[in-house]
Structure formats: structure tokens, C-alpha cells
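Across the two complexes that follow, chain A remains constant while its partner is chain B and subsequently chain C.
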Partner chain A sequence: MIDWYASNTTLIQNCMIAILLALSVQVVMRIGVLSLAGIGFYGLSEYLTANLVIRDVVPAEVAILASLVVCGIGAFVLSLFLGRVRGLYLAMVTLAFVLILNVVAINGGKWTGGANGLFGVPFAVTTAHIVVVCLIGILVVWATERGAIGRACEALRTDELLATSMGIEVRKYHRANLVLSGLLGGAAGGLNVLNLGAVGPFDAGFGLAVTTLTMVIVGGRRSWLGAVIGAVLITWLPTVLSFLEGEMRNIASGALVIVMATLVPDGLLGLLTSQIRRLRAAVRRPSGRSTTKEVDDDTQLVSADR
Partner chain B sequence: MEQQLLNALVLASIYVLFSLGMTLAWGVLGILNLAHGAILVGSAYSVYLIGDDRQMPLGVVLALGLLVGGGCSLLLEIGVFRIIRNSTGDEEEKELRVAIASLGASSILVAIVAKGTANAPFAVPTSFTTHVYDVFGLRISDLQILIIVAGMGISLGLSRWLKLSRTGRAIRAVAADPETASLMGINERRLAAGTMFAAGAMAGLAGVFLVVYLGGADPQSGASLLTTAFAIIVAGGVGSIGGTVLGALTLALVETLILTYTSGSWAPAAAFVLIILVIVIRPQGLFSSSRTKVDRA
Partner chain C sequence: MTPSSSAQTDERVLYGSDHAVPGEPILTATDIKVHFGGVRALDGVSLSLEPGELLGIVGPNGSGKSTLLGALSRLTRITDGSLELDGQRYDRIRPAAVARMGLSRTFQTVRLLPRFSVLENVMLGADQPSLRGARSTSTWRSRGSEKHATDAAMEALERIHLADIRQANPADLPYGVQRKVEIARALVRQPSVLLYDEPIAGMSRSERDEIADLMVELAEQGLSQILVEHDIGMVVRICRRLIVLDLGKKIADGPSTDVITMPEVRDAYLGGTTHASA
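What follows is the complex of A and B.
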């Protein structure tokens, strides 16, 4: 176990950061919004944290917290602008936001290091830090997926108009989820730059957006668990399938996205839950002749379920 | 200055060819094909492969690009988009899944080209050599004239055809209300396939023009073209052909000016800023009075 841990530390760290990033996309998708702004805040936080730490302004922990505050405020401001924007328009506006940050990063002079990016950032985080932040992220998303808040999100995803008529404040939920997305992306970015020690202008660009989206689509967009499954799978799979080299990997993941979007829209998690449900139903209604004994068992099973 | 305006006009014509297909697919069928940029690069690359150092005449090269582009797009429509359209009734869900699936298709196409070229720029082999004419001090090549004529001619022809022909009317009917259109005996499936083929064909044509004009293309250039086209489409109003032409002219002009007068690489930002400005401030597009799905020409 310890051997396995030691030889896979980097992979574990990358997985945890990928989970945070995937959550930042999933958390808006649960209200039916495709926003890639989380990727932009990931990049923003990378550069911000790197600058604060390299220039010795504040210690690493404070730098990450400061970046988080900036990302939170930034996401809030963005959400004000996005007011009534929905659907593909919102997706493309947020993509434009990500790509603008790329252009700014290239032209940012000494603050961004231009095309070379910034390097020599002190390695200030340990695996334990990353795990803790990742767990906090999961906890927050999990907690807001349950109870009244979770049901409101579910209603918004299914039908915004209907949700409004039921008294759900659409704006409030939109803002809250976009801000949460920004915070999750920001946390992932801050951790990543302190973990890798370098950041380049295209790190948080079109490619990362596609990869993150792939994670959420493959894992399942309805729940935090889907994002976690997808992030772990997409980060881990290439090391298992090492025969897929370079571009072959992109071809495989592209094909996977097409298959999922076409045939399995709710991702692996959706597939799993529907299978479990079907299995349970099969147990409840055993085929063939049914005796009173079996019916008794059946009712017992149902009540035990509840 | 005049020379810059001419360059902007040529760039705008290529943008128009590329954006027309995207705006048509989105306006008529609700398909935002994010693989459109990859289709452009992919068809230019296929022509490069088919050409195999044989110097083919420009007409053949253009026809090949057109066919490959249309074929790719048609394949996506039949193999992916149609299945998604049939599997759900929810419009938003449909659009979202189509966009995501096309993103996957885009990565596949780009990866194939990147693998084939080892991520280096490639050219289209053609026996065509440009002649430069001097018109009142303005240097203009026959290729530039051809691109402008093709871009503006096709958009004019398309808008006339949509307005006047029987099929054009059917397409506009599908855009307005697919269900009623199918009740009126319009075969939506065939129309969708035709629209997607035409869209891809125009992207293929734009791809070959672009590569011949610039002398080479980068395998990754599809993504930036995609955002450029998106900016043009939303600025012009989705489905509007006239708006697309105006949007392309505006953006090409702004980009050319930025390239001429600034030293940094800020030109790509023009498209992104345009997207945000238009969608946040004037979501119906800059040039349309109301939100139209179909061009009123």
C-alpha cells in the first residue's frame, strides 16, 4: 500500500486537482448550465498565486486564500453580466472569457512571463493539503446537492420556467452556483501551480476545457460523484492504457465523448444507478409463479428499503 | 491603407464561407457544430494527402475540399446528430448534447491531422500560381479576386435561393417550426442531411482557399477559427446571411487594424470581446432588428 502510494503520488495529486476542476463544471451543470468559467478562474488563480508567492508578498496559504477571494468576486461579477444568458450562448461567452485570459497571459509582460509563462514557483503544498482541499470541495458540492437546495437545483435543471413558478429564485441559484464554480476552479488552480511550480499561458485554455468537459460527461453530470468518477478515470486511464500514445489518446477520448453524448447522456454514474434500479426491481418482482411466502418477502424488502 | 482594406476584404470572404455553414446549421436545425473548424482543417489536409505531391489545378483542389468537407459533415449528421435529435424532445438538452458530441468529433479530426503532420504546418499541392495585377497602385492577385467573388457570390446566391426556391422555402419552414413543416410533407431528415452537407462543403472550400492563400496551415488552427465564426454569427444574428457578411467584414477589419497598429498578439482577442459584448448587451445580434432563426434576406 505504501509502495503503491509512493510510486503514484503525482498521479494522486493530479487526480485530486482534476476532481476540483471537474466539480467546478459539474456544479453549474446541475442547474442545467454549461459554463466553462471555472477553467478561466483556474488559470487566473494560477497566475495570481504564482505572482504573490514568487514576489514574496505573502506566504503560500495566504496567497491561495487571496486568489480564492479574487476568483469568488470575479465569478460574482461575471454572474451579474450573465443574468439572462442561457444555453449555448452562455457556454460560448464563458469559453470566450477563458480564451481572452489566454491572450492576456501572452501579452502580460513580466506579470505573466509572456509565452514562456512563470516558473520557479516554490513547491508549497503537500499531498495532504491537496487531499484536504479536495475533500472540502466534494463536501460542499455534496451538501448543496441534498435537501431543499438540491431539489431546487434539480427543478431548475429540468425546467427553469416551472421552477420560477414554484417560487425558486432563479437568479440567486445561478449566482451561487457560478460563484461556487469559480471558487472550485480557483482552488484547483492555486493548488496546481504550488504543486507543479510553473504555469504557462495555454495551461488553462481550450484543451483543458475539453478535457474537463470530457470528465464530467463520461462520469455523469447529474451528481458530484459523476464528476469524481470522470476525473479519476480520465486522469488515471492514460497510465493504464499506455499503448495509446500522444494523439491516439485524443482520438480515443474524442470517440468516448461522442459515444457518451449520443448514447449515455447521464454518464457512467447514470448507467450504474439505472442498472442498480433495474436490479432492485427484478429482486422485488421475481419472475415465475409467486407464492404468498415470496410476496411476504417482497414487502419486507420494500419496507427495509425505506 | 487601401492595401490593408483589401486584405481585410479577402479575410472577410474566407470568414464568410466558413461561418455561413455554421449559422445555417444552427439557425435551421439547432445544431451548433463545434467540429466545423476541424472539418475545415481536415478537408484541407485530406486534399494534401490525396494530392500527394501531384500538382493539381486549383479547380480540382477546390472541388476535392468541397466534397471531403461536405462528406465529413454529412457523416456527423447521420452518425451522431440525428441519433441525438431522435432520442430526446427537450430542445436545450438536444443542443447541449449535439455541441458536446461535436466537440468530441473535433478532437478526433484534429488529432488525426496532428498525427499525420507531426503538428507541423502543411500546404495544399496545386499547380496554380498567382498573378498580381496593379490597379491604380493597389496590388491585387487573381486568387484574392477569386476568394472575394466566391465568398460574396455564394452568400448572395444562398440568400436568394433560400428566399425564392421551393427547397429554400422548405428550409425556412423547418427553421420556423419543424413539427408543422413535417406535417406539410417536408422531409426533414433529407433536408437536414442536405443542409449539413452544404455547411461542411463550404467549410471545406474555405479551408482549401485559406491554405492556398496563406501557403500553409497549422493543424490546431481550427479552434481559433471556430471562435471567430461564433463571434461573427452572434454579431450578425443566428441564421442571418446578411448579418454574417456584415459581421465578417467588421471582424476582419478590426483584426487587420489591430495587426497593423499594435505590436502584441492581441488580434485574437477581438473575436472574444465581440462575443461577450454582443451576447451580454445585444443578444439578438448587432445587425438584426429581432431575433430571427431564419434569414429574411
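What follows is the complex of A and C.
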């Protein structure tokens, strides 16, 4: 066990950070919103934390907290703009946000280290730190998935018009989830830079956005557990596929995404829960008349009555 | 089945307003216009709803009935006009806040969340804190709690005899029962006004009668209701007053038995041309 831990420490650390990042995308997906802003805040937090620590402005812990505050405020401001758009347009705005931050990182001079990035950031976090922050992140997402808040999120994801008629403030929930997304992304970024000791302009770009999205889709977007499963699986996958050579590994990863997205759209967790539900239903009663059609998952606003 | 009558103030135990004055309307809409580009879906419709009244709204397809419910519940943006609930203007208030002020509605299509049980679907209606402080007997701490939501949902389900199926998945229930679950969800907040958009469409005769009885019973308990429905027979049977819409205008407003014999109402339904504004 100790041997296994020693030889996999980096992988475990990367998994924990990936979980936080995957949660930052999942918390908005649970209300039916596709936002990649969490990736942008991941990058922002990396640079901000690195600068504060390299320049000896504040200790590492304070630097990470300061980055979180900036990410939270930034996410709130971004959410004010995002209140006006929905669906694919919202996703495009958040992708543009990520790409703009990339350009700023490349052209940021001494603050970002340009195309080379920043090096020599002190290694200020241990695995224990990362585990604790990761658990806090999971706890917050788990807690907001239950009870009235959880029901409101599910209502927003399935039928925004119905949610409104139930007294649920759509904008308030969008804002809160986007801020939470920014905080989770920020926490992941701050931990990552203090763990790796370096940050580059291409760390938090389109590639990371796609990888994170893959984690959530493969694991399951409806629950924190899906994000955790996906993050662990995708982080570990290259190691598992190490028997394959070079490009074959990437092809195998890509094939997995295609298979999951087309055949198991609810992810591994969705597959698991639906099987359990089916089994329970089979035990409870032989058959039932079905008249309610499942509302399409990505339907944001069913406006038949408008 | 008897026609509904306005409930006495002392009977207003379950529903109704905090400070409704007998004789004063609980809901007033004045000169409501809803224009979609060049289309005038509603063109200056006014109505008032008395406390405990069950008001029927009928009209041919495309006459603006559902748009009117949309406007009253603020889910459809109004172009012009004013709305008042319990003496408070609400035509500039956000639709979610209007729901929390005590205006509930059901929709034309079944809108139950497929991943939730019947109980959870009904709890959704009890989750958000009410904006009518005096109506709620619970404290701020118990309001919004899981127990409060469960109790309120169970009470609403028991009221319409659905407590036994609380754990069922909505998809496994007959259509009529699904619609009843939606009514339970609309009732759980103890609204002062409840709007129904064709609640009995697609139901069997016995299911229709059951819903009709429920509405009459709720009216007797003081709940003010507006019923948009195609089945004129049922509307005339249970609603004392009727409003008829045609092409976005109100063409009649009065006692049901009088209204259905009016020539302009017959013309609207049979495709005549002698429309007159009421």
C-alpha cells in the first residue's frame, strides 16, 4: 500500500486537482448550463497565486485565499453578463473568456512570463492540503445537491419555465452556481501551481476545457459523484493505457469519449443509477402505464405555453 | 355537484388572502395587451376575480386564453396594462416573486419532473419561502427545511387523495393522476389565486368529474381560481361567472348561463362575424 502510494503520489495529487476542476464544470451543468468559465478561473488563479508567492507579497496560504476572492468576484461579474444569454451562446461566451485569458497570459510580460510562463514557484502544498481542499469542494457541491436547493437545480435543468412558476429565481441560481464554479476552478488552479511550481499560458486553454468536459460527460454530469468518477478515470487513463504506444493512446482516449457521449450520455454514474432503479422497479411491480415523456436533458426552456 | 359560491370569510381557513376585504377583488387585470410583433394575442383585456370565486375563461382556439394566463402569472411579458394581486401592483415584479406572493398555476401540458417521485415533485412547490409573511405559521428556520416541505407536500397530497402514490414515479401514473399531482403541487404553497390551463384535457369522464368536484370544493374553502377550459359544459356547470375571449378581446363577461346564450358568443364559436367588445 505504502509502495503504491509512493509510486502514485503525483497521480493522486493530479486526480484531486482534476476533481475540483471537473466539479467546477459540473456545478453549472446540474442547472442545465454549459459554462467553461471554471477553466478560465483555474488559469487566472494559477497566475495570481504564482505572482503573489514568487514576489513574496504574501504567504502561500494567503495567496491562494486572495486568488479565490478574486475568482469569486470575477465569476460574479461574469455571471451578470451571462444572465443575458443561454445555451450554446452562453458556452461560447465562457469559451471566449478562456481564450482571452490565454492571449493575456501570452502577452502579459513579466507578470505572466509570456510564452514561457512562470517558473520557480515554491512548492508550498502537500498531498494532505490538496486532499483537504478537494474534500471541502466535494462537500460543498454535495450539500447543494440535496434538499430544496438540489430540487431547484434539477427543476432548472429540466424545465426553466416550471421552475419559475414554482417561485425559483432563475438568475439567482445561475449566479450562485457560476460563482461556485469560479471558486472551484480557482481552488484547483491555486493548488496546481503551488504543487507543480510552474505555470504556462497553455495550461488552462481549449485542451484543458475539452479534457474537463470529457471527465464530466464520462463520469456523469448530474452529481458530484459523476465528476469525481470522471476526473479519476480520465486522469488515470493514460497510465492504464500505457501498454499502447504514443498516438494509439490518444486514439483510445478519443474513442472512449465517442462511445460514452453517444451510448451512455448520462455517464457511468447515470448508467449505474438507472440500472439500480430498473432493478428496484422490477422487484416492486411487474409493469406500469407510462405517459410522461422524459424532457430532453438539454432543453433549457420548454415554452409550449408561451 | 353544485355551482360554487363565494365563501364566507370565516370559512377561509386553508386558502385566500391575508388581508382580503370581502367584496374587493383579489386579482385585477386592467387593459392587458400582449403583442408579439404585429400579432395582438391580447388586446386590452380586463378582468377581476373575487375572493373564493371560480371564474371560467373560454374561447375558440387562438383566442388568447393561455396567453391571458401567461400574462396573469407574469410568465408572458405584457406589452401594456396593469395587474394587481391582493391590492398590490405586480406587473413589474419578477414572475418567480409573483409565484411566491401566492399566485399559483398549472400548465397546458404535464410538467412533472421525470427524475423525481410524486412527493418530491410536490415538495418543489413548498421549497421556496413565501413572500406573504402573515400566511405562513412556520418560523424562518422551519420554513425551507426538509421536514416543512415534506409535511406540506404530504398535506397537499392527502387533500386530493394521492398520499398512497407518493413514492411512485410520475411516468408510471395514468394521465389523469399526473394532472392531479400537478394540482397538488400548485396547492402546496397555499396560494391565494390558482390558475388552471385546460386541466381536464385528455381525461376520462370520471377523472373530469373528480377534478371538477375538487375545484368546487377548493372554491368553497376560499381559494380564488381561474379555469381556462375547452369543455364548455363543465365550465358552465361549475363556474358561476364566465369570460369569453375571441381574437384577443373579451367579448362577454357575466353569469355563465347568460353568457352562453349571447349571440356574439355563439358567433365566435360557430365562426360568425358579429363580434362585439364587452
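The working rule: the second predicted complex is superposed on the first by the 276 of 306 C-alpha atoms of A that agree within 3 Å, B and C clash if a C-alpha of one lies under 4 Å from a C-alpha of the other, contacts with A are read in each partner's own complex, and residues count from 1 in each chain.
Methods note: a contact is a pair of C-beta atoms (placed from the backbone, for glycine too) under 8 Å apart; a residue touches a chain by one contact, two chains touch by 3 or more.
Note that the coordinates shown come from a computational prediction; the quantities given were computed from them, not determined experimentally.
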| item | value |
| --- | --- |
| Which superposed partner A:100 touches (first chain B, second chain C, both, neither) | first |
| Chain B versus chain C as contact partner of A:210, first or second or both or neither | first |
| Chain B versus chain C as contact partner of A:164, first or second or both or neither | second |
| Which partner, chain B or chain C, touches more chain A residues | B |
| Which of chain B and chain C A:137 touches, first, second, both or neither | neither |
| Touching partner for A:152 - first (chain B), second (chain C), both, neither | second |
| Partner chain(s) touched by A:257 [first = chain B, second = chain C, both, neither] | first |
| Which of chain B and chain C A:92 touches, first, second, both or neither | first |
| Overlapping contact positions on chain A, where the chain C interface meets the chain B interface | none |
| Complex contact set, residues of chain B against chain A | 32, 80, 83-84, 87-88, 92-93, 95-101, 103-108, 110-112, 114-115, 223, 227, 230-231, 234, 264-266, 268-269, 271-273, 275-276, 279-280, 283 |
| Of chain A, residues touching chain B in the complex | 32, 34, 81-82, 84-89, 91-93, 95-97, 99-100, 103-104, 106-107, 206, 210, 213-214, 217, 246-248, 250-251, 253-258, 261-263, 265 |
| Complex contacts: residues of chain C adjacent to chain A | 66, 69-70, 73, 75-76, 94-97, 99-100, 104-105, 107-116, 120, 123-125, 127-128, 144, 146, 149, 169-175, 178, 185, 189, 197 |
| Residues on chain A engaged by chain C in the complex (per definition of touch) | 147-148, 151-152, 154-155, 158-159, 161-162, 164-170, 281, 288-292, 294-295, 302, 304-306 |
